[in-house]
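The structure under discussion appears below in the form of structure tokens.
Naming follows writing order (A, B, C, D, E and F), and every chain is counted from residue 1.
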Amino acid sequence: MGERGFHLEKEIIPVKFALVEKVLDLARANSLWPVTFGLACCAIEMMAAAMSRFDLDRFGAGVFRASPRQGDLMIVTGTVTKKMAPVLTTLYEQMPSPKWVIAMGNCAISGGPFVFEGQYNLVEGVDLLVPVDVYVPGCPPRPEALLEGFLKLEEKITGTRRFPRVESAW
Amino acid sequence: MTPGEWIFIAVMATTLAGSLAAVLSGSLIYALFGLVTAMFGIAGIYIYLNAPFLAMMQILIYVGAISILIAFAVMLAGPMYLRPKEWTSPKKFVAALAVVLLSLLVLVGIIMGSFRAASGAKPLIVTTQELGRVFLDKLTLPFELISLLIVVSIIGAIMLALFSKERK
Amino acid sequence: MVNGLIEEIKARVMGAEPVEVSYTEKGYHCALETSPDKLSGVVGFFDEKRFYLECLLCTDYTDYLELVYLFNTHLAPCRVKVALKIDPEHPVAPSIAAQYASAYWYEREIHEFYGVLFTGHPNMAYLFLHNGIDHYPMRKTKVPVPSEDQARLDSFKPGEEEDTFFINLGPQHPSTHGVLRVVLKMDGEYIERAEPVLGYLHRMHEKMAENRTYQQFLPNTGRMDYLGAMSFNLGYVLAVERLCAIPVPDRAKFVRIIATELNRICSHLLWVGAYLADLGALTPFLFVFDDREQILDVLEGVAGSRLTYCYFRFGGLYNDVDDEFIAGTRAFVKRMWSRFSLYEKLVTGNVIFINRTRGIGTIAKEQARKYGVSGPVLRSAGIACDLRKIESYSAYDGLEFDIPVGGHGDVLDTYKIRIAEMENSLRIIEQALAKLPGGPFMAEKVPKKLKPPRGDVYQVVETPRGELGIYIVSDESDGPFRMKWRVPSFSNLMIFPELAQGVLLADAVAILGSLDLVIPEIDR
Amino acid sequence: MVNDLLKLAGSDAGKMVIGLVGVLLFVVVNALLLTWAERKIAGHMQRRIGPKEVGPFGLIQPIADALKLLGKEILTPAKVDKPLYYLAPTLIFVPVLVSFIVIPFDASLQVADINVGILVILAFSSITILSILMAGWGSENKYSLIGAIRSVAQNIAYEIPMLLALLPVVMLANSLSLREIVEKQQGLWFVVIQPLAFIIYFIAGVAETNRTPFDLPEAESELVAGYHTEYSGMRFALFFLAEYTNIFIVSAIAATFFLGGYQGPVLPGIVWFLLKSYLLVFVIIWLRWTYPRVRFDQLLNFAWKGLIPLAFLNLLITGGLLKI
Amino acid sequence: MIYGFIQGAASLIAGLGVTIRAFFQPVVTCQYPREVLTISPRFRGHTKLLADAENPEKNKCTACGICVKGCPSGSIKKVEGEKREGEKRKTATEYLLDYTTCSQCGICVEVCPFDALGFSHDYNGAGYKREDFHFDLVKQLKRSKVQ
Amino acid sequence: MTGNLLYNNLHLYLFIALFLLGCGLLGVMYRRTLIGMLISMELIMNGAGLNLVALNSFSAQGNAYGIAFTLFIMGIAAAEAAIALGIIIAVFRRFGHIEGGQIKEMKG
């Protein structure tokens, strides 16, 4: 069991053929089709990342699929409420593996600015519901941060980073 | 046997299987797909009978129009979420048995007969041009009547649909 | 208007004692207290006078619950606050849903958050909350939900009727722009009944307000309506300024207008794009984002954020605008004027678009009043109600702009109105830039800790989606005692079930899109 | 006819196999290329780049996509009607393959010149509808089902004007064989004589391939993904492949019937043919990234009240003029 | 009716004209990892501690705790400081910020009486763990000095 | 040589036609829903068409009447299907189901 109480094991192929797997990973990393899962403010920045200025499609990740069956990646953009939680897990379960999750924005990561004592409707972090691969903090994060999240995910899948690193001024 | 014969046997089997499925299957949509299979089989048979035009018309009309209409009826007439179920009672097995026995009988008879009376004649070749000439020269009246029939039936179908809508 | 009205109420409604209040201090013109048995008479009077129900809210004063009905007229503002005190032990009040359709949802909301039972209400099912709730969240003391009411938490059960075809539009559906769920009862492709289910993004803003100070609540405003964040920010800041009587320097007023109007264009642009995406055209979506990025660049230059600006502060601004901002705004205005012809060719003139939107979702004037819709949807019905003009706030009264209205009330009208509003916003920006005065951008004496006097205040602003009302009750502490947000999308969505009745699924999507809903604003 | 077939099947089986393999290869390459082109064209129409980082100009992108889809978990939703669900994506390929058999890529580059060629294509294209129907019905998903029903109604409505638009050309060429139709356009393309028929055919063709502005069966904002909502991985890829191949077929037939097929100066025939076909494909993609979607009733009205009478009129006039 | 038909067709062609013109116009994309947009100097990232102008080794924070009280969402978990020799006020030795709950509103920067806080321009953070974004601003300040 | 081929045997075609007819008849008798009956009817019609074509091919003297009549049958079948669809929809609207045996009240 994973650290947050769910099964983190994602591999579905028990016997690994190293080379085939490597090629497949390369393909997967370069063809991450996101499921449209816009929840709140961050969804607008997610759209902005897919639009002309930032163009997610350059990395092959611009094919937003409305059906979870056809997506590889769920970008959770925004606050997950207790009413939404079962829907989110269902959608996640409907996705065929291998699948990944990006938690975009502080709400998705930890409940963000909406956590207060006595709150009655918030899930404090989407990683309590589904395993999250990449966290993109911000409120909302700039589209560049989401792009960086995609690159980080690529790095996680293939093990190497193909793109130059952008160091931002601290 | 030549490959052509093997293909013919396959086509024939398709036809028979399709028609059986059309009659015996429990769900209407399977019956429909059985019918479609049978139609394709018959189209194949028409090709063997040297009537490719007819074969294509068969597919165009039966598969492209009639089965789609029936599919439409299935979807409109059953409320969409309820799958109309057909007879799944013991009756079904009785009927299946009857068909199989009957056809076996017939088959035996045919085989006996065909060995005796194998004609050996090659199927006639009818070109599309000739077909057209037949239609417009000799069968003009039926041809026109058929068109009239289709027009009337279309109007009738529309009237039926409209009429029943009013009643609702 | 107000004096005459007071006289008339006194004459017509037995036992009502209306008092005139100072509009500049309170934000409403007239207050009136009534009792449950007289409520229907009072409401009937306002209905007859063609008032619309602006808002219905509840406040828990621990020893009593107070229901506040705010009535207003569209063209000549005359806001009347009708208060009704009820017993917190047995909270029961008569329902006015029969007279005002907009009360239907407000009463449901109050029921689930305060436990007030409205007698005569057709359906007291829960709108927002999920199954795990065991107490009424907005009550000051923890009041458990009685077990017979627990069943109402499952707000909608489509499984009850087996023989019908239900479609769940949402909560995660491409056309609902977020997490709205609409349960549609279908007859083939036609919709028999639509039932929105809310609360998938209920972030407890109103509850949170009671736990925070006035300053601390500031960042929440931008997150309630992330597309019109400036307007919400402005409304909140204005309300607190009214409550604490903080003066605002002129420069700040004009900068506020420029920023808000830029944000309004931004919001309308996004609506155009998203709406066209609903109708199946994706390219306009990307074109509007291109324009939008220009605005965001300008706004980020002063506010430091692209979406949730939090730029206005009590008594002024977060920081001053610079020449770069002014140059950027000028450049944007120039660019935007030339872009309209592109949208005209690509969208407005397109015969497919016109045929998709003309004549569907038609709203009549009376219907609009009953449901209390506002913003472009209201104006499409032909009522020229724009709060920037009618209840002018900030410095809008010195600026010249038109209120575009529609003639048919259909979806095409709302589209045209939004386009015209963008043009008017550009005009406002141009004028405000020309008039921009020097001086400080922040009032001089704003205390670090606000301790407003006891009392309540109501403030409206015109957001891109319509009328936003903020009702704040202060108990002399540094945080609000009760804060109610009357949000435009909530009342605009209320009309959807009626509009969607008997239309095609595709039309329902078009109508839903035309309302320009921002879900976090509805759910709060 | 039978002899031709038998020759192909028997003695000349090799040629047939080569033809089929070639067709399959072409189908795959064509679909991959078109997905890339669609994204790239869409990107530039929206003033962005489109696929770029995966391979030169993003050309490896479709291969990555295909590999990824291949490597996906094979997921069968629990509720589906299994035979229909499994059969639909494979069945959708039959008409695609059959159509390629009769399309003349060049004067000699044709798998088989059947004398009722165009009928073969039209007849088999109805299987597409059937498989969509199977997918929609078998998925046990309401969005899929509505998508399928829409698709069927749409296909019935647009098959008729499509046929009626092709008939005048058949009358002019006096043949149903595609090669002969191309040969008859030696001097003058039929689009000059039959501009109306060309437009009607093209509109109907766009509708048949379920592309915007007629993409109701998979209208994303209404029906999530339409009839293939429940399909994932390779099965979904098959639908995708078939969709893009269908686009090419519609364009190829339009090129064959109206734009002189492989006829053209200087360049070899196949180049001309592909050039014309891909130009039309570009137009279809261009339409998609410009227009909103029409409504269902408008779609049907447009076919029944607009295209079909117009096509009839065109047919009558052509027939009358031919007799005179 | 025919007029309407022609008008409709004309509108459709006009629409096609718009897209084909855009097709031949240059792209507006900023290719992020290869080229970056200039970030506005006022960009509000997460907060950072500012170094003292006179003594760059030292931060300006005095660990007074006003920002902790002012923060709306309790993102500032812990501020501790120690008094060094020869100085009037304390200097922060530990400043824990949980960036994942921050709303980037800037209230902490505003309320700080010593102007010890500023906004970083770290706009493209992404990580594999929640804990990657629990910053100790004092350490971060030192690290940024080293770079 | 061609004469001995399996597919040059008229009887085989007639057998298929007969089989279709039998299946169709059974279906018409035993099917419960109107649509099921309609499907069976189509089978019967196909059997008849096949019969005509086969006989035309093997025993007609160079004319194409059989094929022409098969085409007529197709036309009739199409018309019949259209009418049947109308009737089925009408019946469904009237009775709420499409089971042939259950439709007792035929008037009005």
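Simple rule for what comes next: a residue touches a chain if its C-beta (ideal position, glycine included) is under 8 Å from a C-beta of that chain, and two chains touch if they have at least 3 such contacts.
Since this is a predicted model, take the numbers as computed values, not measurements.
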Item to check | Any chain that touches subunit C and subunit B | outcome: D
Item to check | Label of the chain whose CA centroid is most distant from the centroid of subunit A | outcome: F
Checklist entry - Centre of all protein Cα atoms: which chain's centre is nearest to it? => result A
Next on the checklist: Quick check: which two chains are joined by the most contacting C-beta pairs?
Outcome noted: B-F
Checklist entry - subunit D to subunit F: how many Å between their CA centres? => result 31
Next on the checklist: Averaging over Cα atoms per chain, report the distance between subunit C and subunit E in Å.
Outcome noted: 30
Item to check | Centre distance in Å when subunit A and subunit D are each reduced to the mean of their C-alpha atoms | outcome: 36
Item to check | Euclidean distance of C-alpha centroids - subunit A vs subunit B, Å | outcome: 52
Checklist entry - Considering subunit F alone, which of its residues make contact with at least two other chains? => result none
Item to check | Touching two or more other chains - residues of subunit D | outcome: 43, 45-49, 52, 142, 220, 224, 289-291
Next on the checklist: If a residue has to touch 2 or more other chains to count, which residues of subunit B qualify?
Outcome noted: 2, 4, 48, 50, 57, 65, 69, 72, 76, 80-81, 123
Item to check | Complex contact set, residues of subunit A against subunit D | outcome: 12, 23-24, 26-28, 30-31, 51-53, 55, 57-60, 62-63, 65-67, 69-70, 72, 94, 96-98, 162-163
Item to check | Complex contact set, residues of subunit E against subunit D | outcome: 12, 15-16, 18-20, 22-23, 25-29, 31
Item to check | subunit E residues touching subunit C - in the complex, by the definition given at the top | outcome: 7-9, 11-12, 14-15, 17-19, 22, 28, 40, 42-44, 70-73, 103-107, 110-111, 119
Checklist outcome for this item: subunit D residues touching subunit A in their complex are 39, 43, 46-54, 58, 60-61, 63-68, 70-75, 77, 220, 224-225, 228-233, 236
Item to check | Parts of subunit F lying in touch with subunit B, wherever the complex brings them together | outcome: 2-16, 18-20, 22-24, 26-27, 30-36, 38-40, 42-43, 46, 49-50, 53-54, 56-60, 62-65, 67-68, 70-72, 74-94, 98
